[in-house]
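A, B, C, D, E and F label the chains in the order they appear, each numbered from 1.
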Amino acid sequence: MSVRAAIWGEKQEAIEESLKAVDEDLFCYIRDFAYEEVLARPGLDLKTRELLAITALIALGSPKELATHLEGALRVGATEEEVRETILQSALFLGFPRALAAMKLFHKVLKGRGSAHPREG
Amino acid sequence: MSVRAAIWGEKQEAIEESLKAVDEDLFCYIRDFAYEEVLARPGLDLKTRELLAITALIALGSPKELATHLEGALRVGATEEEVRETILQSALFLGFPRALAAMKLFHKVLKGRGSAHPREG
Amino acid sequence: MSVRAAIWGEKQEAIEESLKAVDEDLFCYIRDFAYEEVLARPGLDLKTRELLAITALIALGSPKELATHLEGALRVGATEEEVRETILQSALFLGFPRALAAMKLFHKVLKGRGSAHPREG
Amino acid sequence: MSVRAAIWGEKQEAIEESLKAVDEDLFCYIRDFAYEEVLARPGLDLKTRELLAITALIALGSPKELATHLEGALRVGATEEEVRETILQSALFLGFPRALAAMKLFHKVLKGRGSAHPREG
Amino acid sequence: MSVRAAIWGEKQEAIEESLKAVDEDLFCYIRDFAYEEVLARPGLDLKTRELLAITALIALGSPKELATHLEGALRVGATEEEVRETILQSALFLGFPRALAAMKLFHKVLKGRGSAHPREG
Amino acid sequence: MSVRAAIWGEKQEAIEESLKAVDEDLFCYIRDFAYEEVLARPGLDLKTRELLAITALIALGSPKELATHLEGALRVGATEEEVRETILQSALFLGFPRALAAMKLFHKVLKGRGSAHPREG
């Protein structure tokens, strides 16, 4: 399975169509270099890579890209608790406002997945 | 073992003395809240927490604090390869200059640990 | 009066309910460590603390959290002019785009408070 | 022609009215210092200056101000390709998430200009 | 007294010579716009302005410019405690690594001023 | 001529040896993806690309990588004035402290190139 299939799951086709429409060259770099070359490297499992991606995106304050990897982390096997801990810890290094914004976003992502009690998910 | 003992290792006493001299209240917050409350939480192992810390510190561009956690990651069981992959991946999210600066710093850290061939460490 | 009561005012209950729903542990850290431990320290009055918070949030570019502290600053006694000066000065250190985005947000906050002539508020 | 007229084009009056309403002093600094003093300096043509502005705004992650200068770059003579290359290159220095967010915004800007086939614009 | 004289104190001449040598135009903007226009505005006292400057510079992670304003804050009447509180509070918004780096720098600044017991200053 | 030869000039061999020693994989990505794929794209001349790189690196606050591209800009044909204007303009978007730090670095770079009167260079 490609890294994109693992991280993007059932949204892969929609994400790829949308990226291609925005800029074909940037799409190719994201697909061939970012996902299938760097994120596909051995040495770290995909779950850890997604938690690292979440941390980097909290630092950047990029909500849309963060949402993609919050979902991606769950898809490649991170538990809800692991994602919560990743966000909580970011408060120490990046400050509470960034951590809080990320946790609100994660709350929305969990709700969007249709779990009635996001806390127990 | 305290989280500080695990991450700071043989440098614990020196780091604590230096922090206390700088500001006792900030030292207490770092010790009691950052290390022994948040980093000590269950739900993520300390190795993953240190790789997340490295990513956050690459984003901040804070070389001294980054060096502390590059060493800390190795102390709590991360392999040299896992640290390298964490840094390499950060190029995707935070850009090559930040990743390169971090890798140079890691190279220095490895040299400081006295390994003759840092690459094979 | 708690620091939260002073800064959040009549919105305290709503903010706390919303934070608790998002993540109870993060809520506790924000309540017990951020607000009632650090922001509650003596040595700086709450008005100055809120102006400092505004500056930090302009630097982060976090609009929601910035709005909270723009309102908070007014609640703990900052004048509209003091908040405007804080934002204006941030242009020097953080650039005009960040300052402008903050000023637009403050304009909205003032409008939301129902003052017919926000400039004279 | 003033730098503002060149960059803001047919939106100049609307932008100025809106800035004045938000804060007259900040408006004056933006008009007299940022636009008509610094951006008006000789030594770099306005097109290059707008591409530099785009890069700085991608770094800041400020979407509204970025949209203004994406349009501004086109108005002062940058081709769509030059803007795309500026955004693409930013992925190297500022990471893919920032570059991608900027490219999506540029796609929207191009659509808003009514070009049926934004790619060929 | 000019704002520069108040903030730079006995170092004014040396700072101005050094700035002029680096770039005369940038020096003029810093002198005429940053210091004598914006920082000289009424509405906030210079001490508060310097504490805000410190916060912005902690966010930027710019050690040299931060040192200038740590000294400047003391010169315009901030107590050591007020500066410490400003730095401590920044940990909440900008994370512990940035706050710690700033506190270490402040410790050095205090030592450089020749106080035997920096903590009691 | 490769893009690296154009930007790194007589330092190419030294830079490549140093990068390889630090991390061979990161070196390959920088060489093959960053330099010879993205920076080598048509659509923007190398001089403009280097001025954009300078702006991005001022935003990141990465002095070593910034020095490389300040020199690189001069090597690929940017005049000293064009580099100065790029730095000056960054004050508007990224704040004066970042612009000032960059201008000091450029001053040092010019001195290192042995020009007796860096201002007239």
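What we mean here is this: a residue touches a chain if its C-beta (ideal position, glycine included) is under 8 Å from a C-beta of that chain, and two chains touch if they have at least 3 such contacts.
Just so it is clear, the model here is predicted, and its values are computed rather than measured.
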Original post:
Among the chains, which one keeps its Cα centre farthest from the Cα centre of chain B?
Top reply: D
Original post:
Counting only C-alpha atoms to place each centre, which chain is farthest from chain C?
Top reply: F
Subject >> Separation of chain A from chain E, taking each centre as the mean of its C-alpha atoms, in whole Å >> reply: 39
**OP:** Round to the nearest whole Å and give the separation of the Cα centres of chain B and chain F.
**Re:** 29
Subject >> Of all residues in chain D, the ones touching two or more other chains >> reply: 29, 34, 38, 56-57, 60-61, 84, 88, 91-97
Original post:
Residues of chain C touching chain D in their complex?
Top reply: 61, 84, 87-88, 91, 95-101, 103-104, 107, 119
Original post:
Hey, which residues of chain B end up touching chain E in the complex?
Top reply: 19, 21-26, 29-30, 34, 56-57, 60-62, 64-65
Original post:
Which of the residues in chain C come into contact with chain F in the complex?
Top reply: 91-97
Subject >> Of all residues in chain C, those that touch chain E in their complex >> reply: 34, 38-39, 41, 43-44, 48-49, 51-53, 55-60, 81-82, 84-86, 88-94
